[in-house]
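Quick one: this structure, given as C-alpha cells, is what I'll be asking you about.
As written, the chains take the letters A, B and C, and residue 1 is the first residue of each chain.
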Amino acid sequence: MNKFFSTKMSIAVFATPALLLFTVFCVYPLLPQLWMSLHNHNGFQNLGFVGFDNYWSVMKSSSFWVSHRNTYLIVAISVLIGLPLSMVFALFIDVQTPRLRRFFKSAAMFPAILSVIVVSQIWVAFYEPNWGLFNTILRSIGLDGLTRSWLTNEKTVMISIGLTFLWQYIGLNAILLYTGIKTIPKNYYEAALIDGANAFQVSTRITIPLLQDVMKYVLILSSLGSMAFYAHVRVMTAGGPGDLSRTVIYQMYYTAFDTSQFGKGTAIAVIFILQCLVISFLIQRFVAREKVEF
Amino acid sequence: MKPMIRIVFTALLVLTMVAVAACSSNNSSSPSTSPSTGASEQPSGGKTDGEKVKLRIMTITTDENRNNIMEQFIKPNIAKEFPNLEVEFEPGGGGEDMANKMKTYNASGDMPDIFWNDAGFFTSLNQAGNIMDLTSYITEDGFLNKYKVPEALKHFDGKIYSLSSGADTYFTPVIFYHKDLFEQAGVQVPQTFDELIEASKKLKDEGIVPVVTPGKDGWGLKLFMLQQMVQTGDPEAMMKLVNNETDFNDPSVIAGVERIERLAKEGVFADGIANIDYGPAMEMFTSKKSAMLWMFTWELPNLAKIDSVDFFPFPSSSDKYDPNKVAQFWGSPLNGYAVSAKTEHPDEAVKVAEFLAMQDALYFESVGSAIALETGNTAANLSPLMEKFLNWYNAADVKIASFALNSVDARMSAELSTQGARLLTGEYPSAEFLKVINQEWEENTWFGN
Amino acid sequence: MKNGIRLFWFVVGCSFLFPLYWMVSMSLKSKSEAYNNQFGLPKAWAWDNYMEVLSKYDFPLYFKNSVIYTGGTIAITLVAGTMLAYCLSRMSWKFNGLALFYVSLGLIVPIEVVIIPLFQLVKSLHIKDTYFALILPYTGFSLASCVLMLFAFLRSLPKELEEAACIDGANVYQAFSRIIFPIVMPALVTQTVLIFMRVWNEFPLAFILGARDQFRPLTVGLHSFFVSVGVSHWGYIGAAMMLTSLPTIIIYMIGNEKIENALTAGAILK
C-alpha cells in the first residue's frame, strides 16, 4: 500500500508547497543573520570580519547571563508549574457537569485570545504600587508589609511577569489537553471502571499515557514559546529595572537595535537558536519515544 | 473536479501568484500600491497636471503637544499649502519604537522622504548617507533667515540636518509644584538639596507623593536628572563632561550620581518610579497625587492652566551653583524635521520640512511658548508663568547643553537608560552604576568620528 | 476538599474573565476617573469615549486588513501544512524524519530575530505594499506548529482507513481529500483558532511591514492610537482596546461551541 501511495510525484506535490514557503520565509532570512554574527556590523554597514569575537564579547556581558537566567525561569515556570496545572485543569473540566464545563471552557481560553499588548497593559495596572489591584487588596486585609512595587523590585519583577504569562496561557494549554482527552475512546474508561479503578487511577493509567502525542505537542509549544518570551517584557517593564527583566530575545533586540550592534545581536540570536535546537531535540528524543497504539 | 485536486490547484495557483509577484519588474501593473516606484517615473518637478508627487512623512507622536500639532495645524493646512503633493503620514511613535523603525528603514534603504530626526539614531543615518545636508536649500530660499540664531541649527560638523520650531531652545528641566500642597504640608520652596529632601519627607508624612517624573526606561534620569544632580553641585564639571573633558571618575560627577541614589533611598520619588511612563507621571501631578513634577518646560503651557502650579529651578547642592545663573539647554540641532538624502523629490521634500517646522512653531506660539522661528505673527500674550520662566531663563547666562543629546552614542544612550532606571529603584548602589557607565564612556564613539 | 478544588478553579475561571470587565468599565470612564477608580464600575458612563475613538481610529479599514491577513494566512497554512503532514506521516520518503525536524525548527525561530532580512526579502520580491508582505511570512512562521500538530493527529489514525480506500481503487489524492481531510477537520479547526490568535494579535512584524496606513492591521492601528491620541487617556485606550478585541471575542463566543463539537466529532470517529 505504501508503494502505491508514495510515488515520487505525490511526495513532491504534497511536500513542496509547505517546504518552499517555510524555507523562503522562515529559514532563508536566517542565513544573513549567521553571516552578520561573524562581522562587526552596525545594521547598515559591515565594518569588517571579526570571526567569533562577537560571541566571546556577548558572553562576557553580565546582561547576557541575566537574560538567560530570566528566560529559563520563565521556561521553568511554564513547564514545571504551568503544564501540571493545565493538566489538572483539563482533567477537572472533563469531570464537570455540562453547564459548568461550558463555563470553564469559555473562560479558559479567553486570556489567550486577547492581544499581548492588552493583557500586559492590564497587568501593569494590577501591579501598580500606588493604586494597583494587588497592593489595594493587601492593604485592605491588613498585610501592608507585603505590598511592594512589584515591577521595579528586583526580587519580584520576573516572578510577576511570569505570573502574567502563566495566567494568559494556562487555559489554552488546558483546552488543548482536554481535546486530547476527548479523543481517547470511551470504552477504555468503561473497561477501567468495570475493573473498579477510581478517578485518580483512570487519570494516571489511561488518560495521561494515551495523551503522549498531545502532551508532547503542548510541551514543545510551551517550552519553546516561553524561550521566545519577549512581548510581555517589552510592554510591562521595557526590560527594567535596569536589565533585570530582560529575556534572551529582549537582550538580542536591545543589542542589535538599541545599541546599533547588529553583529553582536545576531550572535545572541545564533546562540539562542542553538539552545532551542537542543531543547527541541531533548523533547523529541526523550518524551514519548514509543508510540502508544490504540 | 475532485475536491482535493481543487485544493492542490488553489495552492499552486497561490504559489504561482507569489512567483509572478516576485519576478515582475517595477513597471508591472501595481498602481497606487508602491509609491516609490510610481514616483520615480515622474519628472522631479512634479508639476504635470493631475499627477501628484507622493511623499512619505514619518512624524514623532509621543505626547499631546505632538498630537495637537498634527490634528490642529499640519493636517488642516498641508493640502492648501501643497496642492500638488500627495502626502502619507506614518506615525512613528517615539523613543525606542521610533528609533528601531528608523534603523530598520535605514538598514534596508527604505527611508521616508521626510522624517523627525533624533540624536538617538542620527549617527546611523548619517553614516549610511541617508540624511541630507539642508544648508544650500534653506539658504537659497531664505528660510534660514527666519531663525533668530541661524548658527544654532548647525551640527558640530558644520552642516544643517534638521529644521525645528526653535521652541526647544527654551526647553529646560525645572521642578513644577502645587503651591497649595506645599502650604498644606507647611513646606517652603527648597533652596538647597538638603531642604529638598526635608520638604519631601514632610510631604510624605501628609500622605502626598513628593516627586514624580517619567522613570520608565530611565527617561527622566537620562534626559535631565543625571545632568541636574551633577551641575547643581558643580556646573563646570558638567560642562566638561558634555565636552568629553572629564569622565565618571570625576569627584563632582560621582557626587551627582550619589545624590540620585540618596533621593531614591530617602523615598523622594513615587513608589515604582522606575516603571512610571510619561502619561501616568503627568496624570499623577495634574491630579494632585504628587506635589512636584520634574519635567521639561514644553509642558509649561499646559501646566500653566492649573492655578496652583508654579515652578522653581533645581535647588543647589553647593556654593559653586547659583540656580538663577545656570540652566540646562535642551536644544540639539539634530532634533527636528529632516529630509532623506535618497528622496526622489528633494525640492518638494525640503519645502515640506520647512512647512512642518513652521507648523510646530505656530502651535507652540499659539499655546504661549517662546519660539526661535519668525512666524510673522505678533507675539501672543504670555501667561504669567511663562513670563516668569522667560525672565529666569534669559537671565541664566551659563547654559549647559544636554548631555544625553550632545555627548553619547546610541549604545551609551541605551546603557544610560538601563542603568538609570535601575538607579532609580534605590536598590542599586551608585558605585555599580558608575563602574558600568564609566566603562561605556570609555567606549563611547560619539566624539571619535 | 472536593469543594475546595472546585472553588479554586472557579476563582481562576472568573479571573480569566476579569480583563473583559476591566476593559469594558475602563472604556466608559472619564480621564480622571480612570486613574482614581481603576477597578470599580464607572460612576458616570462616558459613552462619548467610543465616539471620540471611532472618529480618530480608522477601525473599519484596520479591521478589513486584519481579516485579510488572518484569512490569507489560515488558508495557505492549512492547505500546505496538512499536505506536508500527510506526506510525512503516511508516505515512505527517506527524508521524512529530517523534514519533520527541519520544519520543527520553525517553532523556535522567533519572528523578531529575522525582521531585517525578512524586510529586505519582501522588498526584493516586490511584494512590499501588498497583503502578501505579511501573509507569506506569517505562513512561513505558522507552518511548523500546523505540521507538527497534524502529524501527531495523523499518526494516531489507523492505517486501515486508506487501505480500504486503496482497495476501492482510489488514488492518493482522492484518499487524502475524501478520507483524511474530513477526519483531520477537528485538528484543522484547532489550528485555525491557534493561527488566528497568533496572526490577529501579531505586532512586531506588522509594525515594520504593515506600516503604511492603508495596510495597517488592528494591532498596529491600536499602537499608533496609543502613542498618538490615547497617550494618557485610559478611557480612550480602554475603548480602543475593546473595539480591537471585540471581533475576537465575538468569534470566540460563537465559535466556542462549534470548535468543541468538531473536536468531539473527531473523537467519535475513532
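The rule we apply is simple: a contact is a pair of C-beta atoms (placed from the backbone, for glycine too) under 8 Å apart; a residue touches a chain by one contact, two chains touch by 3 or more.
Note that the coordinates shown come from a computational prediction; the quantities given were computed from them, not determined experimentally.
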Chain whose average C-alpha position is farthest from chain C's own: B
Most extensive contact between chains (C-beta pair count): A-C
Centre-of-Cα separation between chain B and chain A, whole angstrom: 36
Centroid distance [mean C-alpha coordinates] between chain C and chain A, Å: 16
Shared-contact residues (touching 2 or more other chains) in chain C: 35-36, 76, 79-80, 83, 116, 120, 136, 173, 176, 223
Junction residues of chain A - those touching two or more other chains: 13, 17, 21, 43, 128, 262
Where chain B touches two or more other chains, by residue: 8, 11, 107
Interfacial residue positions of chain C with respect to chain B in the complex: 31-32, 35-36, 76, 79-80, 83, 115-116, 119-120, 123, 125-130, 132, 136, 173-174, 176-178, 181, 207-208, 211-213, 223-224, 227-229, 231-232
Chain C partner contacts - residues on chain A that touch it in the complex: 1-7, 10-11, 13-15, 17-19, 21-22, 24-33, 43, 89, 92, 103-119, 121-122, 125, 128, 131-133, 136, 167, 171, 176, 179, 182-185, 213-214, 216-217, 220-221, 224, 227-228, 230-231, 249, 252-253, 262, 266, 269, 272-273, 276-277, 279-280, 284, 291, 294
In the complex, chain B residues that touch chain C: 2-5, 7-8, 10-11, 14, 18, 21-22, 24, 26, 28, 30, 33-35, 61-64, 66-67, 70, 88-91, 93-94, 97, 101, 104, 107-108, 110, 278-280, 282-284, 287
In the complex, chain A residues that touch chain B: 13, 17, 20-21, 42-45, 63, 124, 128-130, 149-154, 237-244, 254, 257-262
Contact set on chain B toward chain A in their complex: 8, 11-12, 15, 96, 99-100, 103, 106-107, 123-124, 127-128, 209, 216-218, 270-275, 289, 409-411, 414-415, 418-419, 421-422, 424-425, 427-428
